[in-house]
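In what follows, chain A forms one complex with chain B and a second complex with chain C.
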Partner chain A sequence: MQLHDLFIAPFAEFAFMRRALVGSLALAIAGPPLGVFLILRRMALTGDAMAHAILPGAALGYLAAGLSLGPMTIGGLAAGLIVAVGSGVVARTTILREDASLAAFYLISLALGVTIVSLRGSNIDLLHVLFGSVLALDDATLILLAAIASVTLIALAALYRPLVLETIDAGFLASVSRSGGVVQIMFLVLVVLNLVGGFQALGTLLAVGMMMLPAASARLITDDMTLMIAAASVLGMLAGYAGLIVSFHAGLPSGPLIILVAGLIYLLALIFGPAGGLLRRLKPGRHLEA
Partner chain B sequence: MEVAIRFEDLTLGYDRHPAVHHLDGEVESGALLAICGPNGAGKSTLLKGIAGTLAPLEGSIALPRVNPRDIAYLPQAADIDKTFPINVFDVVAMGLWKRCGPFGGISRNETSKIREAISAVGLDGFESRAIGTLSGGQLQRMLFARLLMQNATLILLDEPFTAIDSKTVADLLGLVARWHAEQRTVLVVSHDLDLVREYFPQTLLLAREAIARGKTETVLTPENLLKARAMIEAFDRDAHACARAA
Partner chain C sequence: MARLRYVITLVLACADAASGWPAQAQAPEKLPVVATFSILADFAHNVGGERIEVTALVGPDGDTHVYQPKPADAKELGAARLILANGLGLEGWIDRLIKASGAKAPVIVTTKGISPQQMREEGRIGPDPHAWQSIANAKIYVANIRDALITVDPGGVSVYRANANNYLGKLDVLEKDVTAEIAKIPPGRRQIITTHDAFGYFGTAYGFRFIAPEGVSTETEASARDVAKIIRQIKAQNIPAVFLENVTDPRLVRSIAAESGAKIGGTLYSDALSSPDGPAGSYIEMMRNNIWELSAALAQ
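Entry: the complex of A and B
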């Protein structure tokens, strides 16, 4: 088998593979940089909680209108935003911290969603919603993914400085600007937006993987913020591409394979990462002079 | 005398319990004022109130000549995430927020000012060091460099000299003296009475209410200090609403 057959032919021959590749790349451009901030803000599990919060909204859209992009996106977006904004407001106005208020909100959302699904009494197959359909992306979904990636990159650029400040020293930002609360909530809105986009392609659960695994890998590779964000995107794209190739040749489901490749990259970074990986910790070399 | 800060029947506190109780008075512009008092006297709370991060329960704080954006506030044990991958230069550069905001660039002139500030606090050569590698004293020096960049007319420091070696304290006190010479208003919370007696011309002795204020040597007398200690009543969960006339 030639290299061309291995690495290029699947995309050259099949339109659904090309679409899957474009969709994965769009997800990988915007999601992982958000993941970097989630990790630095010690909110790595927030992505997971938000994915659970989105699920009932998406399922509700699915029940109302079947498997169509519009209602499921709107449902997921609405559920995610209510939880994100609600928990942000609670964290800023009451004694509860963000993790506690988020946990409370997403559990309510999840329970509500399950109740609504059971009310309808239909035995729907939620597997599709849960694990996505990266090989069945239509034009509308691709445009949605591309739009979300563009909006996210622009918004993240606009939020970058206050978001960094809010992460390092929230008290200082509060003393020089009133933007702290807005920044925090805008950031969560971006996370929701990307998870909703991700669940079209990878499903709600795996969408979080695309956001967090490349980001965690990038954190192990460099201490430089700019490089970290760039590396996270590149690793995400690499995982998207390699995952599709492997799934094509091995005849395995593509969504989980993309995340498994991202997981493999993470394991490699964990061992060899120059910024705090295992080898670096175990064999740091002899101490320096000063 | 120009007034920088005016307290009018000011009550600050948490969950309706007062920490600063019915405080009146003024701080003149350009003052170098120490705020002393026992633990729980409301010193930090008063600074939070002036900085605007805590709203009064009653009364008001007026800043007739100070733009709220011209206040630099260094809280006690600043809650800085030391694991964040950022270097000393970038943290000091944060002090330019008032001018740069979220998008503004840093000019060459400002870059050299940041280097000067880092040098002024004795951190030459630390520009590209990650903040996670700094010692407690070095971190405090860095925060003072950030204060320098803020170029504020009103500077509020909450216990800035605790757990810091004497050389660092001396250096940072030099900066405080420089701000005083530049006619900035500087309020410093400190429990180190010897240090206050030596370096601060004016003192406010606080024990929820003002016990005494004015020249440091007339304020920090044994009688006043005894009185301050006696004034700190225990927290009473079932306290009645305060009946004192506003």
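Entry: the complex of A and C
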């Protein structure tokens, strides 16, 4: 009875809690697997950069239509894609590496975003865009989140082999196929798609947390690529659920709580993670002795 | 998070200031008066008329609670002959700003003589700053502003008295209209939910209950527990309507309304006027807009 009150009753009683849960689960299904690839490609900060890059598009949408889902999503998507594709093309055609070209593009994009926002007198609404509201997900937003999760999963399945190859040995992929550039750009498109979905629920800043923290935890738990992707998703869902529960009982804001739980999981993985956690590193090779 | 919010506000503020420049360069012979926010500026404008030039630090649709001072404000304050503040803790930033700007003009607390109500903010009990939401209090504001203007600019005494009397007359009419409108709403239905706990004085003066899902400060983010409490309360007490406001997240209110079955009312203005051509361009229009929205949602 008491466990029911603690863990199930909030969702049974309130539709907004169920919606928040569904939204977080949708985000956790698709975001963390992308995070795993970002981490393995040493692009962990790319998510953060892309989140900032989305701002001018979302701001333009907001300027045109106010706080409404469609224009802001399309705008954010467009801005993110321009930056993703633009920096990818620059990285492959000029002397600049991917990190440098991405940094350049996202900084320009961010500056543009803040400038566009300032055209509108009132700054209050936009703060809600930046910080999101997982407790206020309506039908349209939930459908969008679910659609993004589905598209991402299907695309990841289709891209899986070349993406893993490109991640682990880009030189080899280049020697057998010309798909490397396309794979890279399609992957970034998926990242942007998920960040745009995430900013409806968690805000542009925290959306990245849902993508990266479960992925980093999963990396510490296993060396197996397939397991890592599954673990990242499961940990993301766990963070979403636990964050909402804590927010409900403790009376703390929900979005940050979800990311904090993900952060807590990360700290635990950092210490106890069987694949390169701190304890493992302090006692290396013990499993070989017996 | 807080830092980014600060940076963005600052950037926005600078852009604001730049666009506001040319207009203030003219008419140097008018008495420069600075009010901390748009409603005070409207009162001052009505009393001072053509003799004064009023600037509001926090303009239409701005949020006085989370306002970040900008360099142009310090300049404005430095040039002012009179500074009008609300007091009661509304402008936590005003003392620092005045010190920083080196302003020498007297700072008049326009709520002087109003008996403050208490409100709960983040668990602590403190004075409720939103005193203008009662028209009786608005008259005290106007009287205070009139007296302050006369002290600073004795030459305009007859103008200020005449303007103030004229405006106080308008407030009398407004008060009668508001009371008459409310009488049409059945007493059992005089309770609503709004996103921002700013209607304490309005509630006391006109027999309304305003229940807010967030605390007094728009800076606090609603938690799942707060939202759950509100939904339970709407269902338990049969609260007929939920209202949006011009300063907080409308999506949260829509979500509460959808779940509890309460009606969504229009926009109530509390802390800031709308732009001049909006539904609440002046204090009187704001009060008329609010009472119209309330009776539209609550009358049967």
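FYI, the second predicted complex is superposed on the first by the 277 of 290 C-alpha atoms of A that agree within 3 Å, B and C clash if a C-alpha of one lies under 4 Å from a C-alpha of the other, contacts with A are read in each partner's own complex, and residues count from 1 in each chain.
Note that contacts are C-beta pairs under 8 Å (C-beta built on N, C-alpha and C of every residue); 3 or more make two chains touch, one makes a residue touch a chain.
Just so we're clear, the structure is a prediction, and the values are computed from it rather than from any experiment.
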A:252 touches, of chain B and chain C: first, second, both or neither? second
Contacts of A:68 with chain B and chain C, given as first, second, both or neither: neither
Greater residue coverage of chain A in the superposed arrangement, chain B or chain C: C
Partner chain(s) touched by A:10 [first = chain B, second = chain C, both, neither]: second
First, second, both or neither for A:150, with chain B first and chain C second: neither
First (chain B), second (chain C), both or neither touched by A:93: neither
Contacts of A:137 with chain B and chain C, given as first, second, both or neither: second
Touched partner set for A:118, first chain B, second chain C, both or neither: second
Which of chain B and chain C A:40 touches, first, second, both or neither: first
Common interface positions of chain A, toward chain B and toward chain C: none
Complex contact set, residues of chain A against chain B: 40, 158-162, 164-165, 167-177, 179, 223-225, 228
Residues on chain B engaged by chain A in the complex (per definition of touch): 51-53, 69, 71-73, 75, 78-81, 84-86, 91, 94, 97-98, 101-103, 130, 146, 150
Chain A to chain C touching residues, read off their complex: 10, 13-17, 19-20, 67, 114-115, 117-119, 121-128, 130-131, 133, 135-138, 205, 244, 247-256
Contact set on chain C toward chain A in their complex: 1, 4-5, 8-9, 11-12, 14-16, 59-63, 218, 221-228, 231, 247-252, 254-256, 258-259, 275
